Amino acid sequence: MKDWFEDKLDSLGAALAGCAERPESTALRESGLPGQRAIVETLDMLMGVLYPGCHGPDSGYAGTDAARPLRNVLREIGGRLFSQISGAFEYAGRISETGQGDRAECRARARAAVGALFDALPAIRTTLDEDAIAGYEGDPAATSKAEVILSYPGFFAIAVHRIAHVLYAQGVPIIPRAMSEYAHSKTGIDIHPGATIGPGFFIVHGTGVVIGETCTIGRHVKLYQGVTLGARSFPKNADGTLVKGLKRHPDVEDDVVIYAGATVLGGETVIGRGAVIGASVWVTSSIPPGEKVLSSEIDPSSRKARVLVFDLGAGI
Amino acid sequence: MKDWFEDKLDSLGAALAGCAERPESTALRESGLPGQRAIVETLDMLMGVLYPGCHGPDSGYAGTDAARPLRNVLREIGGRLFSQISGAFEYAGRISETGQGDRAECRARARAAVGALFDALPAIRTTLDEDAIAGYEGDPAATSKAEVILSYPGFFAIAVHRIAHVLYAQGVPIIPRAMSEYAHSKTGIDIHPGATIGPGFFIVHGTGVVIGETCTIGRHVKLYQGVTLGARSFPKNADGTLVKGLKRHPDVEDDVVIYAGATVLGGETVIGRGAVIGASVWVTSSIPPGEKVLSSEIDPSSRKARVLVFDLGAGI
Amino acid sequence: MKDWFEDKLDSLGAALAGCAERPESTALRESGLPGQRAIVETLDMLMGVLYPGCHGPDSGYAGTDAARPLRNVLREIGGRLFSQISGAFEYAGRISETGQGDRAECRARARAAVGALFDALPAIRTTLDEDAIAGYEGDPAATSKAEVILSYPGFFAIAVHRIAHVLYAQGVPIIPRAMSEYAHSKTGIDIHPGATIGPGFFIVHGTGVVIGETCTIGRHVKLYQGVTLGARSFPKNADGTLVKGLKRHPDVEDDVVIYAGATVLGGETVIGRGAVIGASVWVTSSIPPGEKVLSSEIDPSSRKARVLVFDLGAGI
């Protein structure tokens, strides 16, 4: 194919060289923001530190005297995170109206973010143990806590979320979302890093679950596949652009169970403590504590879902 | 970032060293149960043996005289499976009340499991060929059987299931579920390794499909994306823990078609031979053979879905 | 485990050697059609050319003088694509009734296909930039266009589709579908390479979305997770096999929004310009331009979904 092809390469090479000069690519190059792959690799090392032998790259450091090699792994992770996160802050600065991000400030913020994540790691591990127990106790098919840790997509998704959420809280751009989208890709569970989720959280099967940025979820909440905790509407600015940063997603209190395919929408919607939402139910207004919602229908006048309340008995 | 960070490493290293000493991690280390990665690698080699050139690592052994190199690949796979499976049995022993698993017995059970899988491989390949034909004949977009084998998520999911199910039947802990969750991660199709599935099985698109542990599925059954074959309720023991090992999921007889998003629940629910379940229908009681169910509504008194039966005509 | 196992290897090796001699495997071997892995690797290099630093393998060529190294990368990609695609044409010939594919003709068609894709790359990049802007403007949680490019599954899925669709249009067998199933596996979004999709396309969350082979989608269309644009029925030939190549899937005009879990079926179904389809609505007949459909119910007589039309206000 040589001849015709070599001729084509000149024009095409010139045409596409421009791609590397588009703002996002140049800013990426200059800021050193890592690509998806590097972010995932560091996340994977973090998972290996939290669950040696269960997750992460070959956990050679999981020896009897784990402390020393672990120290080296943490130093390596810390160094990578620091450069990735400072790159993300620089990148955000470059693409912002204000333009150039001050490198020194970016490095300071990155240092703070890495410090916050490392300080949080022991607590994250403790919380994840509660999540694993909830998975084992909440699924008749689970034969051990280790099976949940090793295999369950719901556990992997919440583990990645608890890491990404700390970086999100530190204002780190892009990287937390890249981490949560990696978990989404592996599990079909889409948890925005902004969501606040209590301990003992368990997602059964999980494919199709969506949890929005401004959700808050209490302790020991259980969700099934296909559950959406989403936004009801997107207010617009005068210029027609969407208003960003509003409270758009529901609050779910302690001990709530939401069955497969249910949809709960709206920033003022609160699912009260211990409530149960049935499969495929559509909820756009608050449910009192302890209530069991089996079915729903849409009320044309209010254009809201009117929920029909029954006792479900155990399960659905 | 050196100074502040080095100080942090001491305390953090100490705090997290504990992670490697938690029961599941120590038991993992001592039992030699492999992580997710090693299990997937072996599974991948098995797929390469069943469909040389289509799946698995570079199939260098797919030469004109395939028998000799294939023999070596099988020896390699057998050795890996044996150590992984005996590790899984040991691990299960260590975390059980009885504590320590007898290594000799674990090795004997692993030998039996590897033997059972290897004896089953030719039959699995034959059954998978029926599945591939069902995929080609059941999808107007399929242009060849090879396209189904190479690309279709439904084919990949059933292929992994047929391997995992043999190990599940041998009582192998953790590894079968790790295999099925790998397929779940790649395809969005969640088939518990316990499910019993006949030949000529085809899942269209597949994302969001859930098939529970105690399902039985007959010959030439076709499911669309988002179909759940699930449990209706989870009986609890006196101590409040869930009863494990009950028949919780439906039976689906030969030649049944279930369209997108339909939900079929309950261990006593039987979908009769040749029945058709429409998209998004919710079924919690048995459907007679040959019936076509278009729609469903919930009966508050029985708290069950009452199915409305119509002739659908072809497809939906 | 040696002894018992070595004995088993002889019989098993012989039994499975046949696998490599089945038509699809021999044809694969002789035609040089690549496996899933090689196809994905080449696709990944293409993504790296379109979005250096954001996607693809380490983008070492994204330097200040990008033109020269980029030229080399394009030559490498072109060479791989050429041999993969000519292999696919040969393979299709070998498994067709007519048997043997003429190698020279396969090479000529492969040359044409690679040429068509390379000629299309600059336009694909321009269209993808419109898609990325639609993602940023359409999602309140998006903080930058780069976040969409780096992380959003909907962006990845449409990027892969725009590449696969060019090859599909050139009649390339198997490879376009292998590419789209790779994107399906990563994102849970299943876009058949045959679908025709305009610029400014955005899929929110995305898991469970299915877009059929004969869909046409206009400009600035927005879909949410779980939306199906599917077929209503599969006409059969006299011999009972399915008729292939019919127009089976809907047309969606410019500026349409379809919310989570909605199902739109049928080759004659047209969703008019600017229409809004509510969450979980089931549509099997055309919707006029500008209409807002909140709910649906099934009409037993026509066996079609009757849509109930209300003004939704912004969002749902």
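Order of writing sets the chain letters: A, B and C. Residues in each chain are counted from 1.
Throughout what follows, a contact is a pair of C-beta atoms (placed from the backbone, for glycine too) under 8 Å apart; a residue touches a chain by one contact, two chains touch by 3 or more.
All values derive from a computational prediction rather than experimental measurement.
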Quick one: superpose chain A on chain B by CA and send over the rotation angle as a multiple of 5°. 120
Does the chain A and chain C pair touch with the same residues on each side or with different residues, judged by whether over half of the numbers are shared? different
CA centroid of chain A to CA centroid of chain C, Å: 25
Going by the contact rule already set, what residues in chain B reach two or more other chains? 188, 207-208, 226, 261, 280
Chain C - residues contacting chain B, complex: 1, 4-6, 8-10, 12-17, 19-22, 24-25, 27-29, 33, 35-37, 91-92, 95, 173-174, 177-178, 181, 184-185, 188, 190, 192, 194, 207-208, 210, 212-213, 226, 228, 230-236, 241-246, 248, 261, 263, 265, 280, 282, 298, 300, 303
Of all residues in chain C, which touch chain A in the complex? 49-56, 58-59, 61-63, 66-68, 70-71, 74-75, 78-79, 82, 107, 111, 114-115, 118-119, 121-122, 125, 129, 137-141, 143-147, 149-153, 186-188, 205, 207-208, 225-226, 260-261, 279-280, 294-295, 308, 310-316
